[in-house]
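Shown next, in structure tokens, is the structure this report addresses.
Chain nomenclature is as follows: A, B and C, assigned in order of appearance, with residue numbering initiated at 1 for each chain independently.
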Amino acid sequence: MSYKVKLDIFEGPLDLLLFFIKRDEINIYDIPISYITKEYLEYLDVMTQMNLHLAGEFVNIASLLIRIKVRMLLPSQQVEDSEELEDPRTELVQMLVEYRKYKEVSSILKKIEDDQLNLYYVTAKTDNDEIDPDIFLSDIDLLDLGLIFNKLLKNIPKPSYYNIQDSKINIPTQMQYLKSLFIEKKKIKFSEISTHIEDRIELIVTFLAILEMIKSRFITVSQKTIFGDFWLNKNKEETFNVIQNS
Amino acid sequence: MLSKTHKIVEALLFAATEPLTMEQVEVCLEVDVNLKNIVLDLNYFYDEEEIPIKIHQIADGFILKTREEYEPWIKRLYQEKGNVKLSKSAMETLAIIAYKQPVTKPEIDAIRGVSSYMKTLLEKNLIEMKGRHEGPGRPLLYGTTSYFLEYFGLNSIKDLPKMQEVEELIKENDNENPTVPQELPFQDSSE
Amino acid sequence: MLSKTHKIVEALLFAATEPLTMEQVEVCLEVDVNLKNIVLDLNYFYDEEEIPIKIHQIADGFILKTREEYEPWIKRLYQEKGNVKLSKSAMETLAIIAYKQPVTKPEIDAIRGVSSYMKTLLEKNLIEMKGRHEGPGRPLLYGTTSYFLEYFGLNSIKDLPKMQEVEELIKENDNENPTVPQELPFQDSSE
């Protein structure tokens, strides 16, 4: 099973849950927890299979969903008090309702932004020879210029909004890691390796490492179906080297 | 008919580089004026004469802006540069700050369910720090700037839609049950 | 009577922050126009309707100016404290030009992350054009003026504070610049 996932359309786990709620016309105050948990976990599963970085927040909400599900399955022992028992879903519902409000507001703001950016400030010059430019500059001195420039240099905008952390791994270390896996095995499924991969950079580096290893004939690669999982096969003649290196 | 006072205010509006305030007009004219009425008259005149501008009230002042219908041509003048719009996540963060200010980052994150980045909003001067919360860890408090009002063409923060209105809007959307089932944004690429 | 083309040219003049050229008008309208005649018609219209502006032709193109007879009031507006301040964006633009000159607008925009306007700085004679870059599109190069040096009491642009000096100064003040906490803030409130 392989998917192309457009993850960037969801702003987070709450956004994803709201998507399910809207899609399936679910009453937000009466969420079928089993169903939505199943949908949610399936989605996370796809994300994991795609080796996409699963933000901690997604996992947090998954465990919250499972906890609620368990609590709902537990038979309430005191039937008389059952009305007073809090619905296990309350907390989740409150979070979703609150988030949904601001999501709505942000789409309103988006519309206002679109409208406003269509309007341009009108500017007319003035024959302001008499206006003393010194007044204009009165608020800044030389040092301010330096400070402003320094700050700008430090904050040169990145081309994207994603916060990419420095990756500590590189191709040689990843090759070492992969080679170490072949000490005990001759064949490794790519998906076995990729489940340990935490972000895209690491995934790319791992791919490059694999390519390097194919190039140096340490391994060969086989794949049964297009877009399917693939196998990394150790070349026999390299066995000796591995043991040496390890 | 537009008076001399109207014309002076109009000239000031053309010359101003920031929203023109009541106080500024009074200092310049040395008399009390009913700025709101003058603006109404001028806008009426621009409408009548089809002059491609309109006076807007924002952030406690008045500014001249071009009319929306000329945007397609003006846009070409700027070759679409400069108008970088806010990302979805930045807009969500900004929405929360606008309504809950002064607000801390943990509060914003709790509502969004994900960690939020303030950097872009701070850089764009849409939000600013408003001191620190007295609670544990003394987290920084954030609020919107006057440029925020200018950016969204608002006169005051009170001009944002009321939360009650927003909730009603959501209710309406709820009732409009979408008949076309939306697909999860997955595509089975093996097809 | 003013045609639709007149109105579009008028809107472009209102929105332009730099002199509007024949080429720009043709790019925006996608047709050949007799810009001089349009300007004549518009100026005639402004005269008739006593609109306090006039279109002037200068070397680079056409610009809108307020009428001379409104200068006394506009002057007061400009001298009123608060209205003449360098805006944050103008200050940033000036700092970049001072340190990186000669520099092109795209380079300035890249550092600031937003489109920059040179108009005010050019008007105040703080910066000037210094020829064109040899690269693609031959963008204009900007640098500071002799008035800039004079105002800040500099003999040469090399006398600007070095970035290293600025760094040291910032270090001393570091305690006043708390960093934004970046911890992952999601809290499971059921705990």
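The rule is simple: contacts are C-beta pairs under 8 Å (C-beta built on N, C-alpha and C of every residue); 3 or more make two chains touch, one makes a residue touch a chain.
Everything quoted here is computed from the prediction, not taken from an experiment.
Q: When you average C-alpha coordinates per chain, which one falls nearest the overall C-alpha average? Tell me, please.
A: Nearest to the common C-alpha centre lies chain B.
Q: So, comparing C-alpha centroids, which chain is the farthest one from chain A?
A: Relative to chain A, the chain whose C-alpha centre sits farthest away is C.
Q: Averaged over CA atoms, how far is the centre of chain A from the centre of chain C? Could you give it in whole Å?
A: Computed value for the inter-centroid distance: 39 Å.
Q: So what's the Cα centroid distance for chain B and chain C, whole Å?
A: 22
Q: In whole angstrom, what separates the CA-based centres of chain A and chain B?
A: About 29 Å separates the centre of chain A from that of chain B.
Q: Enumerate the residues of chain B that touch no fewer than two other chains.
A: 14-15, 17, 53, 64, 66-67, 74, 83, 113-115, 123
Q: Indicate the residues of chain A shared as contacts by at least two other chains.
A: Only 57, 120-124, 126, 157 qualify.
Q: Under the definition above, what is the set of chain C residues touching chain A in their complex?
A: On the chain C side, the touching residues are 14-17, 53, 63-66, 68, 71, 74-75, 78-79, 84-86, 91-92, 94-96, 98-99, 110-113, 119, 123-126, 147, 151-154, 160-163, 165-167, 169-170, 184, 186, 188-190.
Q: What does chain B use to touch chain C in their complex?
A: 2, 7-8, 10-12, 14-18, 20, 24, 27-29, 49-53, 64, 66-67, 70, 73-74, 76-78, 81-84, 105-106, 109-110, 113-115, 118, 123-125, 137, 139-140
Q: In their shared complex, at which residues does chain A touch chain B?
A: It is residues 2-6, 9, 11-15, 19, 22-23, 25, 28, 43, 46, 55, 57, 61, 95, 98-106, 108-110, 112-124, 126, 155, 157, 161, 163, 225-227 of chain A that touch chain B.
Q: For the complex, which residues does chain A have touching chain C?
A: 56-57, 60, 63-64, 67, 91, 120-128, 130-150, 152-153, 156-157
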